[in-house]
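Shared between the two complexes below is chain A, which has chain B as its partner in the first and chain C in the second.
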Partner chain A sequence: MAAIRFLGLVLVLVTADLAAQQPDTERGRQVYERWCAACHAVDGAGEGPAAGYMLPRPRDFTRGIYQIRTTPGGDIPTDDDIMRMINEGMPGTTMPGWQDQLSRADRQAVLEYIKSFYPPFETMAAPEPIDFGRAPRVSDDRLEEGRIFYDSIECWQCHGDTGRGYGSSAPELEDDWGYPIRAVDLTKNWKFNGGGSVEEIYRRLRTGMDGTPMPSFSDLLDADFMTEDQLWSLAHYVRSLAPDRPPRVREVIRADRVEPGEVPTTVADERWDEVESFYIPLVAQIIVLPRWFDPSVDAVWVQALHDGNEIALRVTWHDRSESPHPNWMQWQERVLEVMEPREGDLDPAPRPDRLAVQFPRSIPSGMERPYFLMGTSDNPVYLWQWSSTDDAEPAQARGMTEIEPLGGSIASDARWEAGRWQVVLTRSLEPEDTSNRLTFERGTAIPIAFYVWDGDNGEEGTRGAISSWYFIYLLEDAPISTYVTPLMAFFLTGGLGLVVVARAQKRERALETASEGPDPTTPTGRNP
Partner chain B sequence: MRYSDAVTRALLPFALLGLIVACGGDAPETEADDAEVEMPFDVATAGHLQGMVLFEGDPPPPEVLDMSSEPDCAAQWDDQPMRDLVQVSDGHLENVFIYVKEGLDGMDFPRARDTPVMDQVGCRYTPTVIGLMPGQEITFRNSDGLLHNINSSPTVNRGFNISQPVNMDTQRSFASPEVMIPVRCDVHGWMRAYIGVVPHPYHGVTGSGGSFDLRDLPPGEYVIEAWHSQLGTQEQTVTIATGETAEVSFTFTSEMLGTAVVPLGEPIYPHRHHAPHSAPATR
Partner chain C sequence: MRDHPFWQAILVFIAAWILVRWGIPYVPPLVGISSAPVPTSVELQYMLTVLVGILIWVSDNEVRWKRFKEPIRNVMVQPERKWMRVAFLVAIPLLVAFVTYDTVRPKVTAPVGLRSVHPANPTSITVDGESIILEGLENPFRAEGRGDEAYALGLDIYYQNCMACHGDYLDGQGHYAHGYNPLPLPLRGGGTIAQLTESYVFWRIAKGGAGLPREGQPWNSAMPAWEDFLTVEEMWAVTYFLYEQAGISPRTWEEH
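== the complex of A and B ==
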């Protein structure tokens, strides 16, 4: 009996051991085909049914080329490298993280299955991660040194002088599969697909990003052109191009009140520097046909001021070109050629950049707002339309394809510089003609939404980037009173309280005198 | 150099795998990386092959390159910078890669000891086509002193993407045979080059006279392939006899432009059926 039990135990142990040693390819296949194949394809070549809607395209696993590695350029990644991408996903792309979605065993199984698409994983020597060392502390000197290398090794050729991804080589970049690929906007590190920390930036500089135009800079260390320490300085500099923290999304854009006549109406007016910016993320318009899955603009920053008579908005967004730009025509050709779905006019053409700011025609009383995609036939919206080739004008829309100008114009000033558009739009709070045009009231939340089109990315009409409804809130009074009022209220109520207390104490003392010898412990005299 | 060796070592098993395929399942030689291999035949019995590559019809006009973003490069050109994707002089076609495609199976040749140089001058590759043997090093040289990157995208081999922002040399090698490996500069989209890796020394690239010369071949029957980046490939069978020089000529025509299938490993651009890495002509 004991012997049988022992044999059984041995059998269990041996089976468990075998199971641990052999990758569970069947399980990996099942997980892969259920969760991964829609994008990466059943055969692993990255051309799944959904792939055409994505740029950058899903990874082709059959060539063993991985962007985010700890190994030298051209090498296969380590298992940890692949697992990190499975767990955390790739920001700035359509690849989500699976850590909370799949069990550890499933993730391990799918990792092995993914590797099986590139047989040399089995025969090649295990890749050795680079020893990256530790990040040195950042300092002004270091950032200055980093900037010098940013210039001398010509990062700006692709990423541009300000890092916004608009360098002279940017329009013609392609990946190893021939697809158009954008030079990353270095000022948005939360969108870096390999992570935005200085350590992660340094790794990308050392390993390169295989399959993309981003080379490895390790050879520059071997050639004694620069030291590891100097490369760290560059990493710090690149990190410094982005804010410390990703911008926070807030529902309400605040329009402070300034003195009459003090509303800045030009882009370059320095008074804008003091005005708070509100970050509004944009997404692809994929509801109304023709849809567009690859908008190049992912957010706008909005600043707003009014003086009781006029309101001005300064809208800022990153855009790699001042469309229509001849150098970017080939980018447009290539993007329109590869993107699904094949809807609408996909012929490349000189298209301007556009901005539309959307409001309801009048401030809704309740939470009811027009349909966020430019309204409907029975509940239209009021638009400010700006284009890089035309004056800004007011319009009314009954849906994205039913836009009619209302006549007249909206005062505007615009500038494209170093990968960024800034547009100031100004209008009186009360329109001359109140039919179909919004009257801006103070002290109430007014719905507002934004649309941006990048012409050189083939965007126009329904092909563009959109936001949902946000609010803009015009403060009643000049900003100084914003701070004075609560203070006054504080002192007023505080003072009144003191008066009340003093009176009560006085009355108590009078009572005490009248009643003679009260219990001294009675709490009546205490201030509650 | 240290790094290249490391890469080579890392790729060695893959190279052996490639050999297994190339040798039709024969057991791979397990010699060390740098071990001396003798010529696998008596060179006294060798013959030679000479040939010519001709072009019929009108070659496409040279493409004008916009180098305004790189004035230092533009300054190195006498006139307007241009690129001839199909370079023809007196009906002779240049930049054709010629190699023995079949007939040497099972023969193990010593690795060539020279290190060819692919230079970057005036924002163009010089030369634009180079042949190598597996493991043989190539030097990428930046004579321009401005940023180039050398981005190779092989299908069989492991690729690399080197940054060269200054005057410098960088060595690399490929472990396995592959015809052809595209090389591009992402900074200057017009810069394209091609590297052919074949497991023997019988390869060459046609120069200005369109001629080539493969010396000291073992006697036998061979399939010779001629590869051009825009015009595709052609094959011919030749017989080499001891002490004799066989002759062969290839003719490409202008009609092949735009329709030719240009092998670059496997097809890697599913939406486009012509040569993916030579497309700038249409841009």
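== the complex of A and C ==
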């Protein structure tokens, strides 16, 4: 009896195991159509109903071309490669990770289903992953060697000297499907499609990114142009272009106080190097019509100083071109063609880059702030508007489409260099006309928000990158009470302690005297 | 020392603090119950209660009270504990001074904002020129059994318009979600739309952040007023789709 039961159990286990190995096509189809098809399409060709709102476009599974692999350029990926993309998603794109969302079995089923869109997966031999070896330790010499190869194998053609993705070929890049594709900004490794570690960068260098203009450099190893070790140096150098950690988002920008007249008013002023930078993420304006789903700027860094009379902001952001730039016209045409006309036509035209810094007209009490997206008709906002072709000026907005200049100008200095804009805006803390313009008070959190438009990306008006409300806080010299109060607390507490101890000792002595006396029952001191 | 009331009191106090600070947030999850750190103000209240309880216990009986005070008295009076006495007389005022400084020093902080996540809905709204009474209102797709049609239509609308913020998985983790404050709501789970009727969700979709009533402000919500983008039918379809895709059911009018 027991033996039969044991045999039965073995049978159940074996069949269960077989079932697990069999691709569960029906299950894969269900999971795919529910969670993947909106972007990748029911037929797997990557043109699902939501695909037009995305750049880069969702992967077309019917051609077997995959960017992130461990296999040589041109080869199909391994199952583990595909599973990694399903699990972790593709940073810097619209593809999220599904590891915590779908069960292991569902992910496995959908992996098999995805492969079924490209029949050669079944007939081709299992692909062989490259042996990447281990990352050597980083050193100054290695980084220098990496930099030399960055130059000699011409990474800068697309990525630019500083790695910010503004190289001379960048405006012409397209993927294998003909869509415009940006040369990645190597200084933001947290947005690398295949991960930002030095190991992952090395893998991309070895395998290339199929379907994109990023080639494999394994052929340079085969041709003895460079060694694996030198390619690792290049990977280390690329990694070193980005900070150790992704920037942290903080809600309050701190404006330190400097001596009167010491506020730097130019971009190049070296005093800015000492000022802390605050990272503000920007996202697409997809709230009012016409929306824009493909802003090219994803963040600004803000530095601020004041001297009691004036405030200066230095806003820095990465932008691949100084718009309007003739070389980038074709980029704009191609982007507008694939992202438009979705919400009304926009013709390619020379457009400037723009920045707007938004404040309330007066500091609100409590949390009541104007609507974050450029205010409303009954609660407008106060703006500093800067453009790459014009002076900076103050303005008032009653919504994104109703912006009117307030007259006058805002002192500004701007510079585009190597894929980066830096703009300094300066104004007195107290405006001459306070009716529509903010008075900067010190020692309080003042709402602030940012907008950036990349003209060569076809951005203007409601098409651009926006932030929500943050705060700026102008530090005041600490009032004298900040130091006096703790000192008083110290002496008060200390004095009180001394009194308590003195009293206890007095009572103790009294007790001792009493116990030596004739009548020990005489009450002394307080009764507990 | 083990049965000395002074050290027992200190032990109980520390144990209570560890329980409040780390026990409450980290122990229940071990048995599958979700928990969260205790806010500082509540922690202070708990610890005050513990302190009062300890004081009542030690003073409840004359002998224990005397023994409790003994170590304190010893430090204050015994000649051989002079250095300990001096150390306390310096350390305690220093601690007080530091806490005072930390309280009065200028801090770079944002004001704290509270808002009502699900403010009461109006009795009726006007969409596309037509007045809609929300009370008792059903999703026409659900009422007419046209669920499949609503799901197919709603899926396209959701992934074209809502996904960037509310996420592929309806978990509030869309690729642009991080840029908005307040963060876009997760739609799955029991905390958001599962508690609401479809007419409420329809109202929130149609009127967006700008259409929130006063108690829902400050309305920094980035939720667009979808009546500007979608037809009434499309908004009902996407409402149906949200529940279906998130695997939850709307609250029905009978439950009210």
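Definition applied: the second predicted complex is superposed on the first by the 456 of 528 C-alpha atoms of A that agree within 3 Å, B and C clash if a C-alpha of one lies under 4 Å from a C-alpha of the other, contacts with A are read in each partner's own complex, and residues count from 1 in each chain.
As a convention for this text, a residue touches a chain if its C-beta (ideal position, glycine included) is under 8 Å from a C-beta of that chain, and two chains touch if they have at least 3 such contacts.
The structure displayed is predicted, hence computed values, not measured ones.
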First, second, both or neither for A:Ser169, with chain B first and chain C second: first
First, second, both or neither for A:Ala284, with chain B first and chain C second: second
First, second, both or neither for A:Glu333, with chain B first and chain C second: first
Partner chain(s) touched by A:Tyr371 [first = chain B, second = chain C, both, neither]: second
Contacts of A:Ile65 with chain B and chain C, given as first, second, both or neither: first
Chain A: partner with more touched residues, chain B or chain C: C
Touching both chain C and chain B, counted on chain A across the two superposed complexes: none
Touch list for chain B against partner chain A, complex: 2-3, 6-7, 9-14, 16-17, 69, 146-147, 149-151, 153, 155, 158-166, 168, 170, 186-189, 268-272, 276-277, 279, 283
Sites on chain A touched by chain C in the complex: 34-35, 38-39, 48-50, 52-53, 93-94, 96, 98, 101, 249, 251-252, 254, 281-284, 286-289, 293, 366-369, 371-373, 376, 443, 445, 466-469, 471, 473, 475-476, 478-479, 481-483, 485-487, 489-494, 497-498, 500-501, 504-505, 508, 528
Contact footprint of chain B on chain A as seen in their complex: 47, 63-65, 72-76, 120, 123-125, 127, 152-154, 157-158, 168-169, 172-174, 176-178, 208, 210-220, 222-223, 225, 330, 333, 337-338
Chain C - residues contacting chain A, complex: 62, 65-66, 69, 73, 76-77, 85, 88-90, 92-94, 96-98, 100-101, 104-106, 108-114, 155-156, 158-160, 163-165, 167-169, 171, 173, 175-176, 178-181, 210, 217-220, 222, 224, 228-229, 245
